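Below is one structure, written out as structure tokens, with a few remarks after it.
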């Protein structure tokens, strides 16, 4: 115990119940869980944690041992505003990407390909703890965030100004984006959304060697095409998930989803087919590619509607690899390796083999920023820089 | 229309630094004080009487090779190089000339006389003609070049070309660049007198071609002969040059446009046409070439006033040569040739190449 | 000239760098006491000495030297202003508290070109034109073409979140960066290489800091093969609103044109009249492209209409340069009332580039979308002309000052739903004060920036001119923020907009201040800027 016995936690819960409602505060052992319904209630939780010198975690972003306050965004699932002129949606952090995607779908809008692989995640979680596979050649999901609503660890509520771009200092949203809750909570976000594209095409090619598929993907991005999805499956994965019989033994498959206006999509399709063929790629039929790329979007909701997709094994976590290391990393990744979310910067690599997390060269700076934002709070000061 | 001096100074003072990227001195030094706009602003302040009266304050007026790269991109048509020479003259008049240029008129005169004498040691006496249709003016930086040019003329059937019988082997450009317009005018008058007997004078140094063609008349000194640069003259005989036979390794040598030949006189093609015909394999172009060509660092008497900067400019020009693994640069200016011969690179003058090409088997 | 503590550090700086890379001479100090903030340029007329010269200027050649310089400054508590090429228009590099200017331009190497990853590593002091030249001669481009390309550096771009003329395709500088290296206010180095995807995007917390958090020393940027094809086209749009709608549709269709520029009626009039000199020559030209330009100019309509427009243009310019302030409102109103009736319309320049078949397909789809929004195709002429003269407008600045006026630009941005409100609010607010025109040149799917140009007579009294200048900015920014626009899209904040930072960021300034405490705890970096 860290000085917070069950009784103390009970007192904290009672104090918070006044603001949040007794139904939305629970205590289990040393963990106090609050389910706020609005940003103001998040502030109450943050203030309580600060006063009690308890660590606070938001969503599933940060795990702590011992006594803590846990903030669950399950009630903050509102779509606050949809600006169809600017294609911006303002949402609370607790809405899942899948639920939002469905609501947008009713207006012929979409979050875009970068969000497709995480439809079961909450917006706040996807923004606070982005995963490498939450990207597509057009950018990371994170980049869809035009502004955030947040609460700093001292209880300050903030709203970064929504602007398409600006030159008014650092992009302050990034103190919370990707910070895994160490600097505060994301309580809401303005997200850029897209119109549903009028035309979608799927292109696939099979290669004898992984590096040939990677070279084609690289060449296509270099030549300027920006597919909605660009993924590569190694032989084992392709055999299991794409089309067994349609593929020769251990063929690596390159898969593209192209969407947008008819003319550019047709030009991109022709270019992709030509580039793949010139590198010795054998065409793979569009329906197979479509089925595979669509299966990667599996979410809880989708799985309910499309049971066929539940056959896909539990998603493995991916790691980001820059282009210069992609071919080697893919070859070494072991069985059922997949490169997804290829962007001009690199791609997300996953496989059945465990993935060693890369060391973060900036860990100390991130900790220092978190500490500075928590001045007088409970975070320990980073020892060295 | 070209703006006058006052308008030029105002335009440059308010200009948002639109030519700074072209200036060899500011690129070498990376110093805001020596970007063309700042140098012109300094000159404006001096003329407004707002500048401290000391050598330090006028130093930036000397940070210019007169290369004209800035004028090339100026939509106002301002020529800072030329105006700064005037600014130097102002500084000299008020006793704040550059210390390194003290006594320059005497030095230039001595050097010009020595060059004329040096030519007599390498050229047979009978080629010195007091009057002739075409005469070569001995150059000051490369006495050998007079003999070499004569050899080329002989080989291509221009044996009638003589050497000007003069006591001054220089058109006087350094005096103008150094801020000594009076000495320049005296020099020009003396040389103009000595050149009375010729119809055309062929000059090896582009800066002096420019001085004689443009600045002699501007300083009220009429000059009888037409002034041609060596490359212009020789280009008239291009058909008589042998066509290069064996190809060298592709692009073995770079061609460097001398600033005064290219930007100031507009002569870009004559040397290239000669080299294309006579130099096996042709020459390689710098990525900055013709109007965009970068200075070798030799103009504007910069090697006298700011030798380290001049060296840095030269080194910058040679970066691309080193990067390409080349060791040879061909140019058409004795000053450029001298500047660019360093760090494992040999620069040759166009006439050296033509002499080699026309050498009897 | 006053010399303070900074000058005393010169000997130490010389031993840290080199004797010829440190200066305390008055000419050098004066040269670093101004940038291109038009307000500061008002004093040039009389040759007035600038108010804030640095005490010492130093030119490091390596990151290690920058670190050593910063540590020396920390020990002595001497302020540092990082300096690129001094092209900023917000007073961002003015050494308000003296101290030292650290000029980065000797750090200008192309360190690495990675053809496989399509990235290039440059030192931060390289001039934009030189950077693009180094890439171009190797077959690549960064795709970043700010109108200051000849007089701004990579480090300056990063510091101020620069945008180029092809931003719709290639993005702003913050979109092109893969990693940065920065020396903090304690002399430590932050290199963000390898941090991608591991947490907060630290690059985005450093880019835009305008020298207040650190000194950029190098960056890895994404590069692209030089475009194989570039297809440019001009369209005449009936009104600003139709032009904005066309751009919005294009951007929201997921198309990626490289150039999108919509000129409002007055800016169109100015652009066309500056093209008029070419009209005759172009009409007689054998070059079909030139004749196309003539055809475009012919769209000015009847001779009478053309005369009226020319007259209007002359009166507007005259007003800007000399008329009393009182007449300004009348003239701006006259322009508003007359221009739409003169059927001049608004010029929209749009271009697509890249791999030929892709660029052609993209152009077809883009042009079709613009026509659907009411655009009248003017052919390639106007676009080609724009490309040839893309940097020429900057030359007008010195002409304006020479004529006794001052001019400045304000670039603000907002989402599409409020874009026309922004346009109207700023124009109306400024109408009594100055001559104003605008173009829309950086478009996104969710919004767009507006680039307002304004001019007014400077007069003979510098203090009055400064007052007028300040009033214009106060009014314009108030109008801009009243509709929720950001106060800068790509020029930055510096000194001139520092007072508006709290309004811009609200409580989020706490984050900026926290960054300042972490990265520059002694407050030595570019003090007095950005409202910190």
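As written, the chain order gives the labels A, B and C, with residue 1 at the start of each chain.
Going forward, a contact is a pair of C-beta atoms (placed from the backbone, for glycine too) under 8 Å apart; a residue touches a chain by one contact, two chains touch by 3 or more.
Treat the numbers as computed from the prediction; the structure is a model and nothing was measured.
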Most remote chain w.r.t. Chain B, using mean C-alpha positions, is A
Grab the C-alpha centre of each chain and report whichever is closest to the global C-alpha centre. C
Where chain B and chain C are represented by their mean Cα positions, the distance between them in whole Å: 38
In whole angstrom, how far does the Cα centroid of chain A sit from the Cα centroid of chain C? 33
If you average the CA atoms of chain A and of chain B, how many Å lie between those two points? 63
Residues of chain C touching chain B in their complex? 20, 23, 25-28, 30-32, 36, 41, 44, 47, 57, 59, 83, 85-87, 103, 105-106, 108, 125, 127-130, 133, 137, 148, 150-151, 391-392, 394-395, 397-399, 401-402
Within their complex, chain B touches chain C through residues 7, 10-22, 27, 30-33, 38, 41-42, 44-45, 48, 50, 52, 56-57, 59-60, 73-76, 287-288, 308
Please name which positions on chain A make contact with chain C in the complex. 83, 85-88, 130, 132, 142, 146, 152, 156-180, 183, 192, 194-195, 197, 218, 222-226, 259-264, 266-268, 270-271, 320, 322-324, 344-346, 358, 360-363, 365-366, 368-369, 371-373, 375, 385
In their shared complex, chain A is touched by residues of chain C numbered 114, 116-118, 160-163, 172, 174, 178, 186, 188, 190-202, 204-210, 213, 222, 224-225, 248, 252-256, 354-355, 357-358, 360-362, 364-365, 413-417, 442, 444-449, 484-493, 497, 501, 504-508, 510-512, 514-515, 517-518, 530
